[in-house]
Amino acid sequence: MTLHHYLILAALLFCIGLMGAFTRRNAIVVLFSVEIMLNAANLNLIAFWRYGDNPALQHGPLFTLFAIAVAAAEVAVGLALVIAVYRHFRSVDLEVMDTLKEE
Amino acid sequence: MSLLGGGIFKGMAVTLRNFVGSYFYKDRLTTNDYSWRPSDKLPQHAGEYPKEEGEQLRDTTTVTNYSRNFPMLLHDGSEPMDTIRCVACQICERECPPQCIYIEKSTEKKENAGGKPQFYPAKFDIDVSVCMSCQICVEVCPFDAIVMNSQFELSTPDRFGGLLLRRDDLLKSNDYYHNIHPEEAAARDKRIAEEKAAKEAKKKAAAEAARKKAEEKAKADAEASEGTPDIQEDAE
Amino acid sequence: MSEQIAFWILSAIAVLGALVAVRKRNLIHGVFALMIFFAALSGLFLLLLAEFIAAVQILVYIGAVGILLLFAIMLTERVAGDDGRRMTSRGWFWGLVVAAAVFVVLLLPAIQQWPTPEVTQAPDPSVEELGHKLMNPYVMTLEVLALLLTAALIGAVTAAQGMRKPKEEGSPE
Amino acid sequence: MSLELIRDILVATVPLLLIFPTLFAFTTWLERKALARIQNRIGPNKVGVPLTRYGGRFSLFGLGQPMADGIKMLFKENIVPRDADRLFHLLAPILALIPAMLVLCFLPIDFPWINNIQDSVKAFMLDGAVIFFFAITGLNTLAVFMAGWASRNKYSLLGGMRAIAQMVSYEIPLVLSAVIVVMMVGSLNAAEIANAQAGWNWFIFTPWGLAAFIIFFIAALAETNRSPFDLPEAESEIIAGYFTEYSGFKFALFFLGEYIAMFAISGLAVTLFLGGGAGPGVAALPWLSVIWFLVKIFALIAVMIWLRGTLPRLRVDQLMGFAWKFLLPLSILNIFIAGSALHLLAGGRLAGLDEKQPILRQLMEGANPLVVAGLWIGALLILYVAANGLNQLSRAKVRPREYKYAE
């Protein structure tokens, strides 16, 4: 296995996530898609660490660890927002929540 | 302040005592190997159980530890269907809370125990897997036709039909009833007899009254219509 | 050889899982597909000898994020999917185009100097080393992260709880 | 992939797959017997030697019961509700069993045959074995939710939601109490943790270790849905919870998964706190360590059965309050105590200790008995006072019940 295998896989996964984020209406699915993109990025980080010059420094896992923690925080806040929005609009459809004012 | 969590240890001590005690003290083990006939080792208060298959227990209490109580139909004589008390009035079917009774009325009448022509149940099924032994059917029956049986060993390998008791399974003689629940049956019979006697006395009184009335009327009529005998003949 | 077999199987599972997750109408099915994707990615991390990250991936993504998503779905929409309604957004075509374009852009640098030599030198997969790194040079980052997580926790609770409107005087209720 | 590797994998896994399900069958019998005796009953005693007419006469205390149960389960009708999600309904029991089976590999049981295989196949030699254990145990939650959701039954769904809330909550004290051990040993490697406790240096024989073990055991009861935390399957409230709609072999798989999870988490408790396979006579006969390990597991399971026979079920709000308001602060306080005790014991010497060796053993060897006794009393006193305070705080404010008609 070479670095390129992992890079191409990560690019593919990232674009699947992008596609989901662009094409779905459901806010929760959009959140899924963002998670997929984040994971693809993590895969890249680990692959660069593994095939990089100085793996003993453990920079890849460290960075990924931080990214995972931030992603967890992001999901928690994101889902809380989705629930708050759902309570307001009775829907998680992104095309319904297109107003800036309270109706 | 009591020790935090001490209640748990107290409870655990109780269960440990039970666990160990059940190996050493026979009177702790109140249960019995239910599928084998009880041996003499069984403690006294465990309840009675037939010593042989098919044996009927004389039991003054309605419930023993091992019996199950489901309704049965009473008849008075040797030929069950000739002397069946049930007249298929379907009150019990309507009143049954879990609706486990199914009755079909006969199309023609037939002489019953009292010698009167009556309807009889062409079908009388009780699903004892549904029955909850509430005895409401016994209480509502105006004919004393349905009472509680007391049975042991009801288990069956037949999943669907085995616990659906048909009319002929349910029919039991009054003697059998006297055998299993002597006091209750005697009380019931006494009450029936009293009611019958009261009814007969009432009937007699009514008949007497009617006779008297008729006599009086006849007398009066005779007095009033001495001159018109044709009419009286018509009235008769 | 076994590494290559594992790579191809895991990457196929990951791609399929991600595709199903973003395309499935039934959201619960979607979440479980997403978890399969996470699990496959964890396997890939193991393959890359980052075993701690693989464990954390399962612990955080499947154990926490997945459960959170399930809860969010159960609390909001009808789970069986947007019955009969349009699943895609208005500009879905342009979305696809942009995604494809991004893929091409990402692919171009990746396939330059195509056959790179395989690296045989394995990094030291010691969790202990990682721990020392976290506790020594990166301890400040860790603390900031802890602060962030706490803040996110509180924020999430307040956001999800919703602002209680003060009851207006004489409002018919 | 070489043939030797495949052989080693088989040697490492197949015995586990054989031993633990066998023990499971035995445990169900043991549990039924013990519960029966606690309730002054006899328990299963009929099934005897199979395929003989007089089998029942030689029933050997009903030891044939698990086999009879298994055969019955295999041949029972498989019923799937009409509106159920058929795929998930099928997958859920499998998903419930797999993580439970998988984590067995992380227990450092020194089977005699395991010494001959290469290290890369021994899962418990993995550097992060303990964290993998917790990660994979967490997957059980998903199976429970899957079963509850796929059944299309409101009781199942209620059970599933309860299970998720419970498992997610109790995972935190579980992990936090394990953290103390990891802190002492300085490694996540299961084999290293077990080895660090050689020579009666078990973690349960330290004050913080004892407290952590109690917290761990309570949380483990909740993680495996054992009584008194069996709310997800509370039969008097929600029939059977998430496996209400399961019958036949799928139900058996759930049952198996639950018991295997019990073994696994007891095994982890043994590894972390009870010295792994350590015990008298191990030095002379190495295979005794396997026996000791299993004996310790069974001792913990016996306590679980005993507790099941003793305690009534908690209410949902009590359950969550207990995890978040009682166990979690206590376990954090315990970590704090353990850390400060470590520094107190070491004095200024912490820098002088050998980093590669377990800190605990070095401390134990050089400690003054008076200081150790003081630590015991001090730590347990602090924890007890804290627990009492938390108990007062977390107790639900309930108005005393008024009896209208009692008097």
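In this document, chain identifiers A, B, C and D correspond to the written order of the chains, with residue numbering beginning at 1 in each.
Quick note on the criterion: a residue touches a chain if its C-beta (ideal position, glycine included) is under 8 Å from a C-beta of that chain, and two chains touch if they have at least 3 such contacts.
Keep in mind that what you see is a predicted model, and the values were worked out from it rather than measured.
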Comparing C-D with B-D, the busier interface by C-beta pairs is C-D
Chain A to chain D: how many Å between their CA centres? 34
Could you work out how far the Cα centre of chain B sits from that of chain C, in whole Å? 69
Dist(centroid_CA(chain B), centroid_CA(chain D)) in Å evaluates to 54
Separation of chain C from chain D, taking each centre as the mean of its C-alpha atoms, in whole Å: 29
Two or more other chains in contact with one residue: find those residues in chain A. none
With chains as vertices joined when they touch, what's the shape: line, ring, star, complete or other? line
Touching pairs - complete list by chain label: A-C, B-D, C-D
In the complex, the residues of chain B that touch chain D are 1, 4, 8, 11-12, 14-16, 18-19, 21-23, 28-31, 33, 35
Listed in rising order, the residues of chain C that touch chain D in the complex are 1-2, 5, 28-29, 32, 35, 51-52, 55-56, 58-59, 62-64, 66-67, 70-71, 74, 79, 125-128
Interface residues, chain D side, partner chain C - complex: 1, 5, 88, 126-128, 131-132, 134-136, 138-139, 141-142, 145-146, 149, 161, 164, 168, 171, 186-188
So, in the complex, the side of chain C touching chain A is made of residues 3-4, 7, 11, 14-15, 18-19, 21-23, 27, 30-31, 34, 37-38, 41, 44-45, 47-50, 52-53, 56-57, 60-61, 64-65, 68-69, 71-73, 75-77, 82, 86-92, 94-96, 98-100, 102-103, 106-107, 110-111, 114-119, 121-124, 129-130, 133-134, 138, 141, 145, 148-149, 151-153, 155-160, 162
The answer for chain D against chain B in the complex is residues 34, 37-42, 45-46, 306-307, 309-311, 384, 387-388, 391
